[in-house]
Amino acid sequence: MSEQNTNLLTRLQIAARAAQDMEDGWLVNLGIGMPTMIPAYIPKDRDVMFHSENGLIGMGPQPAEGEADQDLISAGKELVTMVSGGAIVHHADSFAVARGGRLDCACLGAFQVVANGDLCNWRLPNQKSGSVGGAMDIAAGSKRVFAMMTHTDRDGGAKIVSERTFPLTAMGVVTRIFTDMAVISITADGLVLDEVAPGLTKDEVQAVTDAPLIMDNVGEIAVAA
Amino acid sequence: MSEQNTNLLTRLQIAARAAQDMEDGWLVNLGIGMPTMIPAYIPKDRDVMFHSENGLIGMGPQPAEGEADQDLISAGKELVTMVSGGAIVHHADSFAVARGGRLDCACLGAFQVVANGDLCNWRLPNQKSGSVGGAMDIAAGSKRVFAMMTHTDRDGGAKIVSERTFPLTAMGVVTRIFTDMAVISITADGLVLDEVAPGLTKDEVQAVTDAPLIMDNVGEIAVAA
Amino acid sequence: MKNKKSATLEDAVGRIQDGATILVGGFGQPGVPEVLIDGVCDLGRRNLTIVTNNAGTGHSGIARLIEEGCVGKLICSFPWAKESFVFKELYDAGKIDLEIVPQGTLSERIRAGGAGLGGFLTPTALGTDLAEGKPIIESDGREWVLEKALRGDFALIKAYKTDPRGNLIYHLTARNFNPVMAMAADFTIAEVQEDVAIDELDPEVIVTPGVFVDTYFVTGWYEIGKERKAS
Amino acid sequence: MKNKKSATLEDAVGRIQDGATILVGGFGQPGVPEVLIDGVCDLGRRNLTIVTNNAGTGHSGIARLIEEGCVGKLICSFPWAKESFVFKELYDAGKIDLEIVPQGTLSERIRAGGAGLGGFLTPTALGTDLAEGKPIIESDGREWVLEKALRGDFALIKAYKTDPRGNLIYHLTARNFNPVMAMAADFTIAEVQEDVAIDELDPEVIVTPGVFVDTYFVTGWYEIGKERKAS
């Protein structure tokens, strides 16, 4: 189904929706891929700082032509800039920020999210090894973890499941899921379907979600024109 | 005996003798009391840096009149100065220096030293509590621990013993003992009497030491005129 | 951009409640946030647990807080200094509890709390009274004491300069416990001598990133360890 | 005062022997001590254990060391980047061992080694493959993974400036692992862009005190990640 559905959000639209959840004053860590598209969509009246685990607090956008410094990169190894009031720390202190409760949110890509909040994003089941990087530390330490992904895999299979089948990154950490079909919160009561993409129905989302969704109060994802 | 013996070294003389053992390039931590008298006696051609556990690497002497800074103190809470090429670190990093193997020597006062190198210097047996400060960390972490003390207690009792009777500060850490009677090394073979104070005999030292001394090659402590 | 400055001392410390655990910076007198402590005294809170290296000097700072009966328990490394006579009097009267922690272990327990760790293995205190009751773990052929992380509901720290985001630098040995305590509390309150504009602090020399600081109060320079009246 | 400067690259790295464990700074390309690594390549040592975040980029730095067959084991967090094709080729051929450690755990294990600790309790990796075989400790009602400290026989680090005592400051995100690695080796070798006279570095802004640095070699500025021939 996901291959044909024209109502699916684009990656940029998913990032734009996630950006609306970034609250004023937050410190946020962004995983590679879709999460790195978030900063451009954060409402202008909100002051959100970005933490890059390689010791950069206050990461800014890519440098203008000719203004790059070879020693200033993101965790994704792209050349970046620094915002006013940023700071440089060493790696152990940077992960102290991440594990120590000062990261308000981590926005991370995911292969699979379990209804209990388990996050799987570091290794595929058929891989013998993976590049874990800082994923496990950041996922385990952040106050909130937002998972960002397509709702289904390439074969249309559910990536939001009741029983974990992928290698675990961190237990019970995901608080919200942003996909190309929906926004889903993980609560003590279970998965709550908060919003669906325009043109999709609740039942269409449930059909490709391998865990029951609470659908008492479902809105529509606001998509910019 | 210790009350009458006029051949006993003064506290300054003990410090002066210990100072001769401070090697060029060493980083040294000084406990309160007698150890703080060491720096004045270090041979001028040796570069010895002092570590103060409150985050000061490169502690210098007391400030000249009118040049004190209220924020620059030693671990003993005296106003001090800083030498060229010093650095300020926070407390956790300062103790990382101490425990992490970068302290070449700690010179500490002692109540009792056991033949196996056990150091007792933080609490008297009849006290319910003591002010441990950084003693346990520094004693446990330093490459060498030099104990500095009078050879006997006020009643003439031995402070160097075979069996520990005082509360322990750190196990098996003392490498050398400097007293008002002798210099004694703690080796795998046992206590080695290296030097005795001028006017004292090996046997006089052994008589007030409650552990056997190896006395094969005993010199005399050089005392400055 | 949010400015973390508290306009008044009460704004800075007012949310501290009875029974809170508070990390308080300082070693000897340098780095003790005396103004913030006076602010806590003025609140009249009770049964506080105070984590700090010393048991107070004379009648100011921590000594004042103890003297005014605000402190139920003190966790420190060096309680019995002669200048800590106020603490001794209340301790001898059974009015205050005491936990003695070796100084390096104390700073490391706080750092572990700040770094989101549960504890650590240390050689310090092995075989001593101060390891009694603590787990002994064997690793790499040696025995280690397992010490637990220590966090505060609040940290009261003292710094030299801040910018509006709470990025801090310190002054000489007044740095001491302050940077690790700033990391290890749910709400960190800094008193600073001076606040400067954004971009005035070089990001390379910031010791405490503002992400660890919830609010700050500007005191100006003052002579440390002077007795002050209740404000 | 002793000057810790090495006049030649060989003086700086020459004491490294076959089988040594070496901590190597850098995250991505910033902070990688490429010149020191080239010096180790030139020594032709074998069976080195390299502790570093990445598995090398292209053919320079760690990648060159791996390609020339010097490395028996790599301990890192991010082995499978596309730019680490040299490592992948040797790994697939069974010529190099790999230990994957979460990045925060890796930096903390090194810091613990530098701080003289035996290990620490972390929430990271609990319940995952990467905690397999590691002790799980319960403390304060939670489970934690006990991770061991990690030290090197040597550390190769990169800094921006040094003074004759080896006091170091760094540049932007080239800081990364370098300060913790400097603490955690028996012998720490720094490559620095520039050396300055004593007293030119403010003691308040020094990131790595010279007590952690055994020798340094001055390289000047260079473009990072360029392939260089064996010298």
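Annotations for the structure displayed:
Lettered A, B, C and D in written order, each chain numbered from 1.
Operating definition for what follows: a residue touches a chain if its C-beta (ideal position, glycine included) is under 8 Å from a C-beta of that chain, and two chains touch if they have at least 3 such contacts.
Computed from a predicted model, the values in this text were never measured in an experiment.
Farthest from chain B in terms of Cα centroid separation is A.
Ranking B-D and A-D by contacting C-beta pairs places A-D first. Rounded to whole angstrom units, the spacing between the C-alpha centres of chain B and chain D is 36. Mean C-alpha position of chain B lies 30 Å from that of chain C. For chain C, the set of residues touching two or more other chains reads 108, 111, 115-117, 122-123, 170-172, 204. Along chain B, residues 82, 88-89, 92, 95, 98-99, 141 each make contact with two or more other chains.
Chain contact topology: the protein chains form a pattern that is neither a line, a ring, a star nor a complete graph.
Listed by chain label, the pairs that touch are A-C, A-D, B-C, B-D, C-D. Chain B meets chain C in the complex at residues 52-56, 69-73, 75, 77, 82, 88-92, 94-95, 98-99, 123, 129-138, 140-141, 167-171.
On the side of chain D, the complex with chain C involves touching residues 108, 112, 115-123, 137, 139-140, 142, 144, 146, 148-149, 169-172, 202, 204-205.
Those residues of chain C that touch chain A in the shared complex are 1-2, 111, 113-117, 163-165, 167, 183-184, 186, 198-199, 203-204, 206, 209-212.
Across the complex, chain C meets chain B through its residues 27-31, 77-81, 98, 100-105, 107-108, 110-111, 122-130, 170-180, 207, 223-224.
Residue ranges on chain B touching chain D, taken from their complex, read 24-25, 27, 47, 49, 51, 57-58, 82, 84-89, 92, 95-102, 141.
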